[in-house]
Amino acid sequence: MMMLSNTLNNPSFWLDDHPHEECGITAIFAPGEDVARMTFFSLFALQHRGQEAAGIAVSDGFSIRMHKDIGLVSQVFTPENLAPLSGNFAIGHNRYSTTGSSSIRNAQPFLLETRHGPVAVAHNGNLVNSKELRQELLESGVGLSSSSDTEIIAQMLAGAAGEDTFERLKDAMLRWIGAYSLVILTLKEAFVARDPWGFHPLSVGLLPSGGHAAASESGALHTLGCVGIREVKPGEIIALSNHALRVEQALQPKNPTALCTFENIYFSRPDSFWDGRSVHQIRKNLGTALAKTAPVDADVVIPVPDSSIPAAIGYSQASGIPYDEGFVKNRYIGRTFIEPTDTLRKQGVALKFNVIDEKICNQRVIVIDDSLVRGNTIAPLIQLLRDAGAREVHLRITCPPISYPCFMGVDMGTCGELIAHSHTVDEIREQIGADSLVFLPLNKMMSAIGKDDGYCNACFTGCYPFTVPGHGIKMGFENCINDIHGIGR
Amino acid sequence: MMMLSNTLNNPSFWLDDHPHEECGITAIFAPGEDVARMTFFSLFALQHRGQEAAGIAVSDGFSIRMHKDIGLVSQVFTPENLAPLSGNFAIGHNRYSTTGSSSIRNAQPFLLETRHGPVAVAHNGNLVNSKELRQELLESGVGLSSSSDTEIIAQMLAGAAGEDTFERLKDAMLRWIGAYSLVILTLKEAFVARDPWGFHPLSVGLLPSGGHAAASESGALHTLGCVGIREVKPGEIIALSNHALRVEQALQPKNPTALCTFENIYFSRPDSFWDGRSVHQIRKNLGTALAKTAPVDADVVIPVPDSSIPAAIGYSQASGIPYDEGFVKNRYIGRTFIEPTDTLRKQGVALKFNVIDEKICNQRVIVIDDSLVRGNTIAPLIQLLRDAGAREVHLRITCPPISYPCFMGVDMGTCGELIAHSHTVDEIREQIGADSLVFLPLNKMMSAIGKDDGYCNACFTGCYPFTVPGHGIKMGFENCINDIHGIGR
Amino acid sequence: MMMLSNTLNNPSFWLDDHPHEECGITAIFAPGEDVARMTFFSLFALQHRGQEAAGIAVSDGFSIRMHKDIGLVSQVFTPENLAPLSGNFAIGHNRYSTTGSSSIRNAQPFLLETRHGPVAVAHNGNLVNSKELRQELLESGVGLSSSSDTEIIAQMLAGAAGEDTFERLKDAMLRWIGAYSLVILTLKEAFVARDPWGFHPLSVGLLPSGGHAAASESGALHTLGCVGIREVKPGEIIALSNHALRVEQALQPKNPTALCTFENIYFSRPDSFWDGRSVHQIRKNLGTALAKTAPVDADVVIPVPDSSIPAAIGYSQASGIPYDEGFVKNRYIGRTFIEPTDTLRKQGVALKFNVIDEKICNQRVIVIDDSLVRGNTIAPLIQLLRDAGAREVHLRITCPPISYPCFMGVDMGTCGELIAHSHTVDEIREQIGADSLVFLPLNKMMSAIGKDDGYCNACFTGCYPFTVPGHGIKMGFENCINDIHGIGR
Amino acid sequence: MMMLSNTLNNPSFWLDDHPHEECGITAIFAPGEDVARMTFFSLFALQHRGQEAAGIAVSDGFSIRMHKDIGLVSQVFTPENLAPLSGNFAIGHNRYSTTGSSSIRNAQPFLLETRHGPVAVAHNGNLVNSKELRQELLESGVGLSSSSDTEIIAQMLAGAAGEDTFERLKDAMLRWIGAYSLVILTLKEAFVARDPWGFHPLSVGLLPSGGHAAASESGALHTLGCVGIREVKPGEIIALSNHALRVEQALQPKNPTALCTFENIYFSRPDSFWDGRSVHQIRKNLGTALAKTAPVDADVVIPVPDSSIPAAIGYSQASGIPYDEGFVKNRYIGRTFIEPTDTLRKQGVALKFNVIDEKICNQRVIVIDDSLVRGNTIAPLIQLLRDAGAREVHLRITCPPISYPCFMGVDMGTCGELIAHSHTVDEIREQIGADSLVFLPLNKMMSAIGKDDGYCNACFTGCYPFTVPGHGIKMGFENCINDIHGIGR
């Protein structure tokens, strides 16, 4: 509890006004190689998807050994604890915590002994029917040791009836509603699977050594030197094992699919691909679209580093207004529980960002930010620019206002926390102190992405790809859900 | 020993081919405020100047209390260990380790009880006559508990004869040859002082609450909300105390002074000022100068993030060749002792940087880097670009080749380690695999900085501002020093 | 693995030649009191029963909160992590590790969410049919996350069909063969239960505040200030809740019961009662019996501290030979992985015990030890006495030779490790270097205990109270089990 | 500060009512052996003399390497941090903290570089003129980094003028008033020295490998397998080096000497010798003397474990009243900051000791304790006996009442804390609830020890062996010192 309230008061927390991904996952099959170390490097490249806990499970064909703990990948693993993790197959997981409860109980992979042998599961996503599935498992007499839906997935595989893991996984997928990119480890195989909506990314590639690797993002496969990288299709299961990949379209992809737009906007590394397109290029396109949609006469275009840099470059190139750095970001921001006193805060103690004053003084500044969630970060940033002498501050956002929570594994915050849920754009503009504020409209965002549909934009529109059962996942949501139904129609 | 060899083999180490600053320092006088917390935030903003150890000493007028330990500022300090550090005066220190021996013995501040009362000292720099001073102290019967020249400074203050700290410090400064930016804490005052050559930066400013603060960089004073920021002059002592600042030109500034050029090139935060000029602007100027000096027909200009970004923007604007991101830097690189096996490395496992392939494929690329020290980082980076399909790679460096070691507190490496000490530019170009390589010549670098003299460029020229006694500080230097004398003439 | 081999080579390990108890357990019901703290003190008093891990689970009627970790009770718990454990009911557990694998996965209590609500279980003992029960659970589709039979117990309670916890526990007990003293926590009750053989101890008492407490040993209840202490009967379940204890004879006690003799010999605190008798007094009786059975002319009687002290006092009083201290035991022996080199060991470096030379020099010494398991401790101790000048060393053991392993939760070692499994008494005497060696015969031991039957003496006789299924629990046991059957007849 | 008050409230603290030794020291010369490991084992055997911090310094002839930290010996040292400490000479130190401030700054050895080369010093004792010596050093211009008088000793050796370490040490000893048993390490030698009063013990012995070892107690030398053990004489310096021991009577022993009686009463291991006599035997003699001095009709004699066991055996043998165990001591008492609430305490929660009820119920009990300092432990113990049904409780103490503080390095507490400073024996008896209370008179204590004089009994008599300068070491002492002079006459 003390932990929780510290976190909420923590300036390094409230200064990061972004939705939060829940996880990064990876799987490796590389006979004769140091698979644990390769898994480590893949997780290292996926660290931005989750910083709370990390874990690796490895099979040598006879048993599965696992190490997981709370902390960054580089803190959790040492040469000493990696050494015993020898084998041919491995899976790994980075966890982001939604609740402030940093418990080892919820760290992944989740490893169970089953009648089919040991099974380890790591999961990126959220099952919206987990409550029902959980209840079914409990009613069937299974006891559950965590609140994680990854345990539900693992126990369902333990209880499933099919002939082999492939069949059991296929059967279980029929029951799962929601977002799941999965890596699964048994004694003799590693599996990757993606829900039929295709919410979250997952790619596979060929390792230089001849084996295969899978990871949430193609950027991590790049880091491993992979070639022949392709995305796992929605509804697809792929088994990594001794011979060629075994690929099966377990479930037909939903029509339309529901890929998460936010992978483009913020989550993915810029060197990753999402839905066959370069994330970096899409972000530049978003900037270009903003320049066309919301031009303004100004002296300089600056990004809120780091995710908005490509969009700011794109805006600059399309508008002809010079690009420059305006904010300096402290690279050493980490988990500190020391916060400025109120007095210090009022005196302007700026922990995470400083302004390069002479770039800003007496200038008309266009600030590009990727998204606006709670709105608590951008206001102090704009104030920093004002203090540095900015004449005008025009804020441009590369996506529409976020007005609805996400139920597919992204921590957007509750309706009550989302500034756009209850404020008009003009109210927001006034509240954050900008001279002008433009959000990129949905259709222009999708044009910049290069697709008309197939994406989940529920956080902008409230139109979820399916009815969300239970409705009560987050406090205060009950009132919100009515709005959603109103709007969703 | 294991530590050391691990470090040398550590990819996150050899991929950081930069000179290393030894320290960041700060001093606060803020009666009625939480000075320890303010010192913490100042050190936080100076973290880039040293990541090995951190310390804070605070005086409440009756005693000095201190906490220091190995680790990042955010790791060393907690609300619990900051709480007892109450008082009106404080000094703080971030340490960078040159030797790989991470010992708490060398952490600063250095606190001594003396006949004049308790004295705490924190130091950025290096006394080139420390060996003689050390010997004198030992001969006088003083025992020394560390190899740090900060202890020498503190013991000299303990033994000095003057009437007050001001006088004693002035007397001692007469004996010190080399680089020293100092913060000194006694029961009733805090002092800041800078050597008469002015090697390293140090600024003071007025706190919003009415007190004063000093810090290695103006960017840290910004973070504290300071106004009226000015640099401490070479040879100047300033006492922070109850009334107005007491300022005295203790020693006449050397003519010429010897300000460290590398603060512009690499060390300082871009939002800091150095010698009255904006570091960010100077870096843009360096890029502009490079574009004029070494133009090349190409499709895109990319920086090696983060320090080269302004120069790449400058190069782009001057040349009209579009600026873009080409490398993605892993923000979570920290102290990991897990390294790729040779096999993995040969397979291209890229730990710190990935390339955004589609920006690079089939392109003629200009890469801007701030400096080239050992040359071991840039070669793999260029290879990454080649692997991504770059047609041409043109490397432009914002300073001349570094051919000589530094004796003023910057870890450049030994002559044997400096690639430019024994290789021509063309040999270097071939070795790193670039299509062309141009270093910004000294005179154009100085023009971009906006000064003709007053700077120490010894690492480029071998012309040191004074004869360096002892000559044997680093292994292999004996041979090198002959070269230096040859060249220096 | 390194851990394991270190442990085996660890002198503080091989110098402790005792059977090892697996656990201490406790349960508290104390509305309005700080039950977590009371549980802590009870575990503190039971620390001798297990030093590897400790855990406490507390219910406030709405949820169960738990903290457990590897380490001593005093290391695992702090005021900070105890504070959130508020409620009216609690259970606690100290774990002893049999395998050298100090895994948090096997720490207890084991907490599951079930269809009947949350259930936490802590267990002292061993189910000999755990393999079959485990297989049944797996076949029913349950996945298991540890190798602990406590998880089996918890999952069986999760899947059991009865109307309330009492009924479900009763049903499950019908299936369990082996040793189990249990404490079980639900939202509204705490339960204690003991197997119908009564292998391991468990007592309940009335707290000064009006609630109830249970603990493995009456000594721990003493520490809590309990009165009205009585043992839980074999086959009995007792519910601790708002009103009077609810007591039920769930299973009829076996006839004969099979109480563990070793609680008298070694395990229990001397201030505890076992089967209604004072452990301290029984140990004195064992010494008296030894004096009568195996008299020898000598100058002094000394114990191997601490567990043999009462028996040595008893021997002295019965024989008239003066009692004295002969060994000094290092009280700070803990987990050190620093061991003497072979050279140092040969030179006589004595880590755990020293001899008080002048007590021993030129004396005929009777040494009383409680038991002899591997025989690797007593040989160096006798050598220490010889080095100190003892003229004669007569070893007297307060129980018969241990020749067979235990399957009821006590770590005796395998047949191959038990010195008496393959050596005659005279061979042992020669091997350890004693002038004479007498084990107290079984019938005299039982007389001293004051009972003819009702005790499990399988480790002495090989006559187990039931057929042990599976037979292969420990390596090398297959050969041994034939012997057992031969002897058992 | 929080630490301090926690400690004072800590039941494991107030239940240990003993004077506290400040240190254990050791020195090893063993060419070709693992001297660091040998030093570790010696410190392990001396752990009872100080549990706050531990350190080892080793010389290989070229440099001195050191590791020290806060914690028990087994916590401070690991195979990893011992490994680099290779060499032929070593010294080690266990520290007891008098003040509650567990600072690494005060851990020993204290290592200085001096004009004579590196010098490491470890110290058991207290210089009563340290304030003057400290002032002299400060006045001479030396800065001091700690409040430890060990640093004073080291800096005096750094500044001393003599030809070699032997001479410099001899000169310095002339200036030191008070208690000091020292081990000193230089590059090529290890020295041991003892003050001319001989306050604290120090012995040397011949190692099996041919080298020499020194330690505070002969028991530790025993542990190392030493033979030819003898005490370092008061005023003697011994150099351990390549050839035979170099022994010199640096200062004439005082006449009379002032050996600390409390080494016999409580501090030393029972297997150690002090002043040529067995500590265990002396403690038995003290019990015998008590039996003769203060006989009482009773049923059983019990010790307060562990230090009073030999005296209780002696009392029993002299009186014919049976010896038995009455208290069970929790062997796992360590540093826990979890304390019983007042409610729990009132309910009788007994953390450290339990009573074996049936030994006590309805009995007339003689309790033997070694000493009575604050009297806060014995009262609850007597209450435990009463609660267990003791008919009578007769307390016998093996020394006179402690009425005066110690200035020679033993933490007795201040006058105000010493129960006997302001209460008569009968008042104490009433306060602690005993039926009778007898302290062994000074002359009978000395008879049991076997000496008439040569011992410091200042804590009993107030007659210090010299005038204590400064008088104000502990708060409230000013008033006390008048009493002392009154009584001392």
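For this structure, a couple of remarks:
Each chain carries a letter (A, B, C and D) given by its place in the written order, and its residues are counted from 1.
Keep in mind that, in the parts below, contacts are C-beta pairs under 8 Å (C-beta built on N, C-alpha and C of every residue); 3 or more make two chains touch, one makes a residue touch a chain.
Remember, predicted model here, so these are calculated numbers, not experimental data.
Placing every chain at the mean of its C-alpha atoms, the farthest one from subunit C is found to be B. In this assembly, the C-alpha centroid of subunit A lies 36 Å from the C-alpha centroid of subunit B. As a whole-number value, the distance joining the C-alpha centres of subunit A and subunit D reads 61 Å. Distance between subunit B and subunit D, defined via averaged C-alpha coordinates, is recorded as 50 Å. Across the assembly, subunit D contributes no residue that touches 2 or more other chains. Chains touching one another, given as pairs, are A-B, A-C, B-D, C-D.
Interface residues of subunit B facing subunit A in the complex, by the touch rule stated above, are 33-34, 37-38, 40-41, 44-45, 47-48, 51, 72-75, 77-79, 82, 207-209, 219, 222-225, 269-271, 278, 280-281, 306, 309-310, 313, 317, 322-325, 328, 330-332, 334-338, 340-341, 343-344, 347-351, 354-359.
Only residues 1, 84, 104, 110-115, 119, 138-145, 154-155, 157-160 of subunit B touch subunit D when the two sit together in their complex.
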